[in-house]
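Quick one: the structure is below, questions incoming.
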């Protein structure tokens, strides 16, 4: 296993970061397939295009390489994938799945599994596990946002609970990342130093990003959902009868 | 489905003939009024008790200010001073602000929503007694000369046995935890009431805005209070038997308390602010004569605020040495809350812009609210800037800021609300003249007191000091602040005098005295003790404005659903949570002593813990369990149908996901999940922060852990089966499996030594919490089995069974999560 | 509440007044005590009021001089300076001294009503000269006393004696 | 350096006059934010005023403008400004000389150069002028908070943790600091002084900390020293060259040189010292030291004079 090179390559130093684009043929094929499915199945073009472009960017751009060096980059990638790309894709092409709450539970479990030390290390030792991580996260998030969008008008209670659960677990995980005294991930022990961060600082940054940016994205989602409901059913207004 | 005429005890045709509407809803006279469970009575109890606590706490504040009037004052000694400021904060935050706002919610919401009572009146009454007894326990500390003196946030390790011997901290922890039961029960009750008992046609988007604010507040309470309850229990357990949760030498961490406390404490501020803002949003349109501008925006802002408030707690801890790299992110996060606040403020401003408002006394207080709260919000934004926070934190600047936010954001709207709704309580108007005096005295006194404190704080005066040296720059500021506080207090006295004296001096209030648009003003404000002879259909958010006939007819002749009391019973219409269309008839309880007696039993139990009389505590707890059983023993009427005059046939107490009991269970489960999440947070926080203690106290037994999980899953499965095949034997099976699961969990943690490390101690707490859940299921299932065996319920009446399923499922989920945590340290793959 | 709408000018006007008042008070509170005309004026006014009060408290002028007051007169002693010196030398650590907020000590006797006492520490007569000498070196007169030699200068001792003789001459 | 104590000085404990880089940068931020807050307040109140006078509905864009766009701009600016300030003052300088400050109920233990020869003092922190110093903040009992408003913002002292902050004093003089986190009965009596000295004087101070305490050169002082040794004071207090090692109470090797007694609360003089020894529980309730009211008068005087002589 020692000779194994993770999917996104060895941790880059800052100067070479911008040259590290990822043009793995399998990856490109997969992205193309996703694009094809979206092109045929998506309900609306614009969100499909936006979502797909974001996914492409997240995996082809040097962000992929950066996540080899920095855990915070990995977290940023996951947040963009699950909280921006996934809802946009769900808007474009809703998946059909179970209720919001079970999906939120599954999403929570996956989100934790892929950020704790053991499984995280495994993704860096096998391409298969690496892709299992990204596909399962994207899939669960896509499913979650699809069921949120489809249930928001009919069952806002489960939507609220599901989003509350997703937001709360994310806060909890990020709090642990921020307040840890030792870094969790052995992989990043040396890789963060060229970026002027200690491994612990990198992890704290990751937690902070998850806490704040993740929370902010959740908020935007909540506000947008409430507006969605109200735009559909805003009632008539009456003024006091003049005396 | 059972026919309504089927023979059932206690509601035979005899009763139906006898009782008129007024008789069915009569409040018992004299001392038997204590048995009343009506939302009006309970709401008024909350409001009056809250007001009394406000006056006590305000008096303590004057003692504080008097002590600080000159440097090196000897008016109070340090010990008394510490007790006084601790009790001031405690009473204001826990026993005044939240209960009184919930009291307004309890009183007003059914009236605004078109319900005859809250859906769980006995729960409301029980909650009130818990609040009262809890408050009395806290107050009793003065009598025993053991008033808490650790500040209202009771930081560890100062509040541990080592540094605070004696009972003072125990009075605080036990009394406050007890009083918090009232807050969470009221929250569940309000959630169910708002979602399930609205007038026909009142969809969620047509609710009065106050209901939205209260709904979000109630949800926030269910999630926000549990961390403090868990923290209090941990601290009390550490004090009583010495489990080392907060002792760094044994792997604990004093900051764990701060995290749990502020995880509660930050949302708490919004829990206090939101209902008051809801009052503003209700009163303001009345005086403008136009609906609230941007209702949808306001709702979106309130809902987002509810979410945001849980992510900000770290900004109370900027000076505890958080990682520098995250400080900026937390700082940015803290400022985000300005956006929904700003949206609400601009909704109010734009409401004002629609028409020239009437400048009444409540309107004065609303303007005062805008003026003060905006300043408080701006200083709050300043405090989010980390470098500034390091100077201002724990100084008088923060004292100024928090009073601007709380007095401006809550007390001013509240007193406006008293002027606005008092006619509803008493049938008489409060004085416009005295009201303006009260306002101007409070407004000017407030600013003199607290504006100067910004300067005092930046000049270096820390908070919570009973004395300060003369001549280093704080003398004049403190003198002026104290003078201001007397002016402020004079304003409060004028208000209280007016509130008392208007009972005989105030002019009689006409019907709908403020020309409001919301339903609570339908009846002439001579309190009849009951609401709605019939429940009218509504078409908008302002029914009294858009249906003038409602006010043109006599109130008791209102046309609508459930005219009078066709069955001589207390009933109201239950609605679909979203559309507001009638869904069911909710049968409501008549006056009963059980809530009072049960709360008293709980009070005995809590006080006995305080006095270390554990056998009495156990006896009290058992008595309370009997109380709950007696309370729920009454015959179920689910499955009957009632034909109403214009909505066709409606079922009684539906057994479905849309029913009020189910919504209440969801609310309860939110509390349970939040409690569990708090415990889980404690476990993982300690594991993460003090990893070197992970293996020191022995490993949990994984065999028993898996037995526990298996039983938990089996229990859920049987509970799920029992929902469609209600047989006593299934209930017994659920009880058995729940019991075995709890016992297996105990066996699982047994190899760890809770006294040895804090991590092991939190594992025991986690197991104990789930064990309690299992016990509830066991108790619940035995209760159901007993009822079936004794013939109290018939087939088809499956309400409790259907509600037990989510409870069992969530409990099983907790078991699985706990199992992962118990197993994790032994799985090399995780570390 | 049915009356004609009050002109909001009143409201804004009073609010503005409150604002202005708070601003003025804040600015004043920031002024250094030694460069504070308002504070100095207030202090001067207070001193004048004190003078009037003490004049009034003396009551009607009697024919005979107040021998008691004259007996306690400390030549060259300034009571106001003496009070500050008490703080400076730390007398309050051991004694309660009325008028000195920080002086709450219980090690030695309270100095309240000192003017009425017959002896100082039981060894010296209570007269201005003896009190001044005592303050400058207590162990000289009472070898077993716990009161240390505080290194008080003669001028300071006279000031302190003058202040102490203001404590309860008439009661 | 034995000037008047901060108790005599107006404005000795204020964030308005800054004598350290941290306080300085923060004061700029404070001023800017206060002005901005005042402007925003007036704008919002102006909007209320206009709304009051207006008689027809406004546009929903006001909500977007006032509730979303304006806050986002203002907050963005604030976060940027605050971050720059934080970056300027928040960094811990690992290379700077270290002073370890330990909070106790209710006094401060101070160790210069803790990694080296550990030079102890108490309740008076001497800082070199214009040289960054890293403070290492700890506590022995409950949470305290270290705050010298004129030098820098505060930092908590939490059991089980060490918090560090780097400060640079930019003005010579004496400044008052105080515990800012409620820590028990005598929390208001837990202050201290910071003395900022030019390099040469600072070096002399450190030299002073290295050398033994002043000798008792008169009969009375010798008697005081004997009382100190015989009455058990040495169980808690150390005096270099006389009795070393005890750390439960403040180091008294140069107590007479400090301007204040009892952690920044009283002026240092024989009178206060005698009163303190005889009845510390009255002066500072809850302090760990018992009142020594069983000493004979001459013994009390002697020990007070002896301590006052330690300069």
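Letters A, B, C and D mark the chains as written, and numbering starts fresh at 1 in each.
The rule is simple: a contact is a pair of C-beta atoms (placed from the backbone, for glycine too) under 8 Å apart; a residue touches a chain by one contact, two chains touch by 3 or more.
Bear in mind that the values here come from a model prediction, so they are computed numbers and not experimental data.
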**Request:** Chains touching subunit B and subunit D alike, please list them.
**Result:** C
**Item:** Which two chains share the largest set of C-beta contact pairs
**Value:** B-D
**Fill in**
dist(centroid_CA(subunit C), centroid_CA(subunit D)) in Å evaluates to 31
**Message:** Measuring centre to centre with CA averages, how many angstrom lie between subunit A and subunit C?
**Reply:** 71
**Item:** Distance from the mean Cα position of subunit C to that of subunit B, given in whole angstrom
**Value:** 53
**Asked** What is the distance in Å between the mean C-alpha positions of subunit A and subunit D?
**Response** 46
**Request:** Find every residue in subunit B that makes contact with two or more other chains and list them.
**Result:** 290, 301, 332, 336, 355-357, 367, 371, 471
**Fill in**
Two or more other chains are touched by the subunit A residues none
**Prompt:** At which residue positions does subunit C touch at least two other chains?
**Reply:** 8, 30, 33, 102, 104
**Complete:** Chain pairs that touch, by label, are A-B, B-C, B-D, C-D
**Request:** Please give the residue numbers of subunit B that touch subunit C in the complex, ascending.
**Result:** 70-74, 356-360, 364, 367, 371, 429, 432, 440, 443-444, 447-448, 451-452, 455, 470-471, 476-477, 480, 513-514
**Item:** subunit C residues within the subunit B interface of the complex
**Value:** 1, 5-6, 8, 11, 14-15, 18, 21-22, 25-26, 28-30, 33, 39, 101-102, 104
**Item:** subunit D residues touching subunit C - in the complex, by the definition given at the top
**Value:** 10-11, 16, 49, 52-53, 266-267, 269-276, 278-279, 282-283, 293, 295-298, 300-301, 304-305
**Prompt:** Which residues of subunit C touch subunit D in their complex?
**Reply:** 8, 12, 30, 32-34, 87-94, 102, 104-107, 139, 142-151
**Complete:** The residues of subunit D that touch subunit B in their complex are 6-16, 22-23, 25-26, 29-30, 33-34, 37, 40-41, 44-45, 47-48, 50-58, 60, 62-63, 65-68, 70-72, 74-75, 78-79, 81-83, 85-86, 89-92, 105, 141-143, 145, 147, 149-150, 152-156, 158-161, 163, 176, 178-189, 265, 285-286
